[in-house]
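Common to both upcoming complexes is chain A, partnered first by chain B, then by chain C.
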Partner chain A sequence: MAAGASGQGQRLALTAGVLGIIVIFSLLPMLRLLQEVVLPKGAFSLAAIRAGLGDPTAWVAARNSVIVGVGGTALAVTLGAFVAILVTMTDIRGTQILILCFVTPLMIAPQVTALAWLQVAGPSSPLLHLLGIAPPIGTPNPLYSPGGIVLLLGIQYAPLVFLILRAGLRKLPRELVEAAQATGARPLRVIFTIVLPLMTPSIVGAAALAFVSCVGNFGIPAFLGIPANYLVLPTLIFQRLAGGGPAVLSDVAYLSVLIGLIAMAGIVLQDRFAKRRDFRIATTSLGVEPYRLGRWRILATAGMWGLIVVILVLPMVGLILTSLVHGYGIRLSMETVTLDNYRFVLWDYAAARRAFANSLMLATTAAVFAVIVAIPLGYVMAWGKSGWIRWLNFAVELPYALPGVVLSIAALLMFLKPIPLTGIQIYNTVWIILFAYLARFLVLAVRPTVNSYAQLDRALEEAAEIAGAGLFTRLRTIVAPLVAPAAMAGGLLIFMTALSELTVSALLWSSGSETIGVIIFAFEQGGDSKYAAALSAVVVAITFALMLSVNLFARHLPDGVLPWRD
Partner chain B sequence: MAGLTIRNLTKTFGTFTALKDVSIDVEEGEFLAVLGPSGCGKTTLLRMIAGFEGVTSGEISIDGRIVSSPDTDVPPSDRRIGIVFQNYALWPHMTVADNIGYSLKVAKVAGPERARRIAAALALVDMESFADRAPASLSGGQRQRVALARCLVAEPKLVLFDEPLANLDVHLRASMEDEFAAFHRRTGTTILYITHDQAEAMALADRITVMDHGRVMQIGTPEEIFHRPATGMVASFISQGMVLPATILAAEAEGQCPISVLGHEVNVRCGDGDGPRDGARVCVRGPDIVPAAVGAPGFDAKVRRVVYQGGTARIEVEADNGHGATMHFDRPDPQTHSAGDRIRLAFSGGWLIPPGDA
Partner chain C sequence: MIDTVLKKSPAIAGAFVLAMGMATAAFADKLVLYTSQPEKDAAATVAAFGEKYPGTEVEVFRSGTSDLLGKLAAEFSAGSPQPDVLLIADAVSMEGLKADDRLMAYPEAKTDGFDPNAIDKDHYYFGSKLITTGIAYNTGAAKKPEHWADLTGADYKNLVVMPSPLYSGAAAFLLAGFAEREDLGWDYFKALNANGLTAVRGNGAVLKSVASGEKAYGILVDFMAMNAEKDGSPIAFVFPSEGVPAVTEPVAIMATAKNVEGAKHFVDFILSDDGQKLALKQGYLPAKASVGRPDWLPEGTKIKVMDISVPAVVKTVDADKKTFADMFGG
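Coming up: the complex of A and B.
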């Protein structure tokens, strides 16, 4: 009886803990944001909405957001789907390394991508100078345009589409394709009439995700749009907040809800579309046998490598070359090459040193917190039986599914005044960024952990229960060791994402609480591309090193937790 | 002209040999079943015939044309074959009619003609009223009918069946067996039918190929396979035959050889010209084991187990000098034996497994 009672108690404590975390990191910020828009100062009012509706700049930014969102999504889906089909359904050479390279842009912070491309395409591009085809100094960089934003958003999020579609393709039972082959259908016909239609849920889901990411992206439109005065909602919010401070908070709260709505529209549309027809694949079987490309194989492999060179190697080379020159427009040669920029950002410049310390602390804390929380959270979400689990999942996904700007504004609203009862003030400190990171990135560890639970035989835990182990003992000794690899892989993803994060920290930083992302952004805005490039190159190197070192023990991880590995 | 010819086919995956020196001739219009336990290589064989797997050595020709050899690899889409899959492989995003019409669309058959042929195919499998339904809304048997219609609408030269009844319950199996037999009668198509169920193979096939460990054990009519198994594996795989060591006492005469098995002398059927040799083995089945009176020719055994099966019981016995090997036979009610009883038995016949089988 006593054991039963304590079992009940532990279960209650677990549920309460999980709920507490969800409330603090997901529900409270969102409710606070909504309150600001419709219930400012405790009284119902549509004034903020009315003011927003009458704001022409907001409408232009919203229209621009939709344009680059749709454009970026279209490019990401086209590119991602094409590569997924080519890499998964044919016998192209070097699949693993191709995947690693193609997925890498997703791991690189958007503002670093933007910066790198600017170095390649601009009139000061050392690469174009090396080749002698640089446009004359003084002409605008062609990437400072909506087209440039769409191009980079497409490249940034094509890996997202690729990964989702590849996972779907690998689950496609081979009989469905073979039945079509046997009827005499050629490969392209099979792909267009069987494979792609069956992949509709994956493609539409990936498109929705890409759309939300494009609309919420700050780094790319900040680097490419602000110089051309082409504002999207996140950059408009940034500018207003930078100019007006906390006074304009309820104004930007409306704007952030607007982004949230646009993002939601994408998700709702996806849901409607996916339900139109029956795409359920009932059977499981071996994966589809790849098409033999024959003499096209070399050509396809070369083409893929060409693509990798364009989307990954060229920008990175551009970035590194810029980081090695003394100043704007100086031609790179044996005489002008220098490591001064690296010395400056790593040693001489105090704010950059501080930013490194802050970002490392933030990324590590967010990752460790998420891993520790993901295990009990995943337990309740994957193995719980209550009806509210669905809502739990929704609540955990929300801060990540919504654009980062939304969460940032919510965090500002929550912490502008000292925390009630305690009087602690975290506004204008690094801790408000930490709060936002914890809320936003938690799901990145929860998702793989829940998947890992789903692959786990519950009998393992039940056997421990029969043996007399209480809930917390079971969690600690049986469950945690089994799902820990997945949670830790998620934590690693969080670390890499948070290390050079910009969207959230651009709105929440203050002097002393700079992050690496903020410093890169500040360098670029101040015209110091060489320093921005040097700092970016360091971050990219860290990201690469992490990816490769994790690859070394990837064999010990469950399937599918590392996005760049099968 | 041969419908399907397989010559010295070998397939290796790395160090694993999935098929070894397999040769099979399937006459045009013949229904050939490939029977074997799981892992015997029968599915690999089917996938190679369909063109989904390349060959390591040997060749496959369909309708007189070489489609697979180490240098030739005609893609599946050019082989003019039909396949009926174990899991039906109906495309969930298409209606029943679209599923069936797909191959006609690929072959650019014009709309009205296509509609006519889809309707005809649906009628053949009694599914006319289901044309606009989604595959997910059909039962297992109905799905298999649609899969069959999809396959026959293209009028392929060769149809491959990959364990098509394995996912259906026992009652449906019988009716689908009838369906397949009717399909074969009506179309006269050459059929290669993969299965691990011997009853299915016996009921449907003109000839059966028994495979084990990637090799062909025997090819013959169902009667030959049953009555004259070529190897110990075939003997024990088909109808739970028992294989016992025997001594051949004299040369064959009129298809029979006198042998001694378990110390019991008996005449059994044998191949032409068989005679005394080392390592001879005899195949006996339940009906070949009969009770014997005390003192009459036969052998003594102990009843190990009696498994009542309703109307009959399966009696498992261990012969006194059988080195622990158990045998079994069925007895109708009333049951008089129980475990531990002593019993005297005799063989009423058997088949001497021909030489050459290790």
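Coming up: the complex of A and C.
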């Protein structure tokens, strides 16, 4: 269809298409949100901000957000950095499988992590009963506390820090470390005086990312904080909206801007810090020779496996034990074991079946859309030369970088009334969730695609151009096949993330458009942990199966697109 | 654009037409239900209704009664109440809605054999069950409570949990009823507060807390405790000797219902023998005595129900909730 169009026309069409997508999925929602806060009903007003500033509950929630955000980040950075150094710089055994296990919590939805951990602690823990060390009746579950939230946020996002640091460590110049070793520096001294200082940009960048993830997280504070009446901004927004409906949208719009500002503060701090000193590494060289642990090797390997047991195996065992009994406080035995909970959530319960259909549809559509869009978008972003490309990058990152509640509130504001000119109403349908997913997850496919473009030799495309192929033909026949693996790996990440997503759908769902995440949350809130646990176990099994099956053809993918593989 | 796609692929065209058809079918007979029933019970009620009236698709929104009323109030002020039919915990909430002209009368509803106290005399709402609130305790607990006042004792310090009246309709009824009584009154709640009582979001959360042993004693609706006990959870239930407050879980049609026919069918179903038997099967005490009694209530046992006047509670309940919120912190 494009054969007759001039090259100039096609280039224009591509740019217009890319811009159109960015405007619809990134700029419009954010502008609509800002408008609600400072320009409600078309006139400039600070009333919403003033009302928000005078709301003590909002201040308490904001303070709590910062507390668990900083605490969770500190733990994630400590744990992630420790494991990254141990796994990358020593000859510890079984690196691949250790990485796979350590990164898995990142792939599991936060609310599932929270639910699983709740089953481990507390007086009814089947696990503690099995071991005979359950605390006495009347002991509250210690995880229903700020400390519990910090612990789980730290475990959830330690892999994020780990991945960034590991990438940095592998580029560490060998000369510097060898120079230090030659002067007789012992390993710990090398790590503290050479490695960590050189890694500062990676650590600060990872910390900023972890901070944004922690303050934006909904699942963990929803499961651990709401029962203890310890609210953070995302859970406060959820409670207000659940109780007040669309009438309170203006109030929560202010709250969502507030959480956006807190997240941005983390990024700005990081930027400031990174600019203060020059951390550029001058040489490119081979990676550092791993330290030989010698007789410590067995101990270190055992220690790492102990850590994996604590952060991954124990909670999953707790989850499965709970899913196998009829109710709270029942000890698992040959007489009490049952698969009824699985039967109920998979077959008997209509809303759960609907949720599976909805989540599968949403995750698939979001993934396919992102893969298809990422290829032309990446083309413009990686190979385009215009000055506005930096802004394009920023606009694509924005809906994902900001906490999920921000985008959700923006989507609600946009679609509460029917879409102008068409009269189509997507509020209270599954399509509003789809819109938010498309906007939020797009960047997960764009990032690896842009990286893949950067690794490509452009000569192939230029050859086709000389041979007279139009832009769209080149995109379809030359470029797309080359970058498709990276885009599809990104699409897979989107699918896994969207399948059990909760933050966005908790605010946007309506009856008939439930997602798996919403159903798990509803079961837990209604006091039915056994069903929540069974459904969560199914989701975790799907995630594991996907990770392992993708591993089978990982050889065909470019480096670094699968987070759990080197 | 769509045109060219359709021409290119008959399969896509087919799917497109099918999708449009399904979308229209879905709008044909949709019934929106707001209910406070537990997730599983609500699903079973809807499924049984669907068997009797196939072709009506029921959309359910579930939350605590007080929470639902908040959502409804917001929808009223926005001018777009969503539900066609309500099935919520107590008559007090229904009285409030009735006074604001939010409900539609259904004079033809068949109420023969129902407890007359459960049925609104103007036929705006119809009680479907009798749900009492008593005290549940973990079987590993040190004491076996017999009186409401026991919960304020030293042996119970920091071990008692109750559903927040700001979330649960049954708890709001208990609060307003107790506050009026000479023997309990606000002093009772002050004593509970001093004794470290925790208020949580709904009866489901109380059940979880008591059955899992995080708290030893809980103020809880009867059927939840009884069903959990039957499932094997370490929990038992007592009716305190002073009597128990009882709510009726009424069903009502909204004045703004879009699907009035479907809503009437839903009320018919809840009041039918099938509907009442379903409630019985779910472990409730049905409002129509002739269908039978749940296993946990043998023939001849009498529950002493407190005499709490619904019109009196209607007047005070909002102020009572606010006092409670100030006392226990929301």
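For this structure, a couple of remarks:
Going forward, the second predicted complex is superposed on the first by the 559 of 566 C-alpha atoms of A that agree within 3 Å, B and C clash if a C-alpha of one lies under 4 Å from a C-alpha of the other, contacts with A are read in each partner's own complex, and residues count from 1 in each chain.
As a working rule, contacts are C-beta pairs under 8 Å (C-beta built on N, C-alpha and C of every residue); 3 or more make two chains touch, one makes a residue touch a chain.
Please read these numbers as outputs of a predicted model, since none were measured by experiment.
Judged by the touch definition given at the top, the superposed model places A:R189 against chain B, while chain C stays out of reach.
In the superposition on chain A, no contact is made by A:F82 with either chain B or chain C. By the touch criterion defined above, A:P123 reaches chain C but does not reach chain B.
Using the contact criterion defined above for the overlaid structures, shared-chain residue A:N141 touches chain C, although it does not reach chain B. When both complexes are overlaid on chain A, the residue A:W305 reaches neither chain B nor chain C. When the two complexes are overlaid on their common chain A, residue A:W383 makes contact with neither chain B nor chain C.
Of the two partner chains placed by the overlay, only chain B lies in contact with A:Q181; chain C stays clear of it. When chain A is checked against chain B and against chain C, the one touching more of its residues turns out to be C. Common to the chain B and chain C contact sets on chain A is no residue at all. Residues of chain C that touch chain A in their complex: 32, 38-40, 43, 46-47, 59-63, 67, 70-71, 74-75, 77-78, 82, 138, 140-141, 158-159, 200-208, 211-216, 224, 228, 231-235, 329-330. On chain B, the positions that touch chain A within their shared complex are 50-53, 73, 75-83, 85-89, 91-93, 102-103, 106-107, 134-136, 150, 154, 156. By the touch rule above, chain A contacts chain C in their complex via residues 122-124, 136-141, 226-227, 229, 242-248, 325-330, 336, 344, 348-351, 428, 510-512, 522-523, 525-529, 531. Against chain B, the residues of chain A that register as touching in their complex are 173-176, 178-186, 189, 193-194, 197-198, 200, 277-283, 285, 289, 292.
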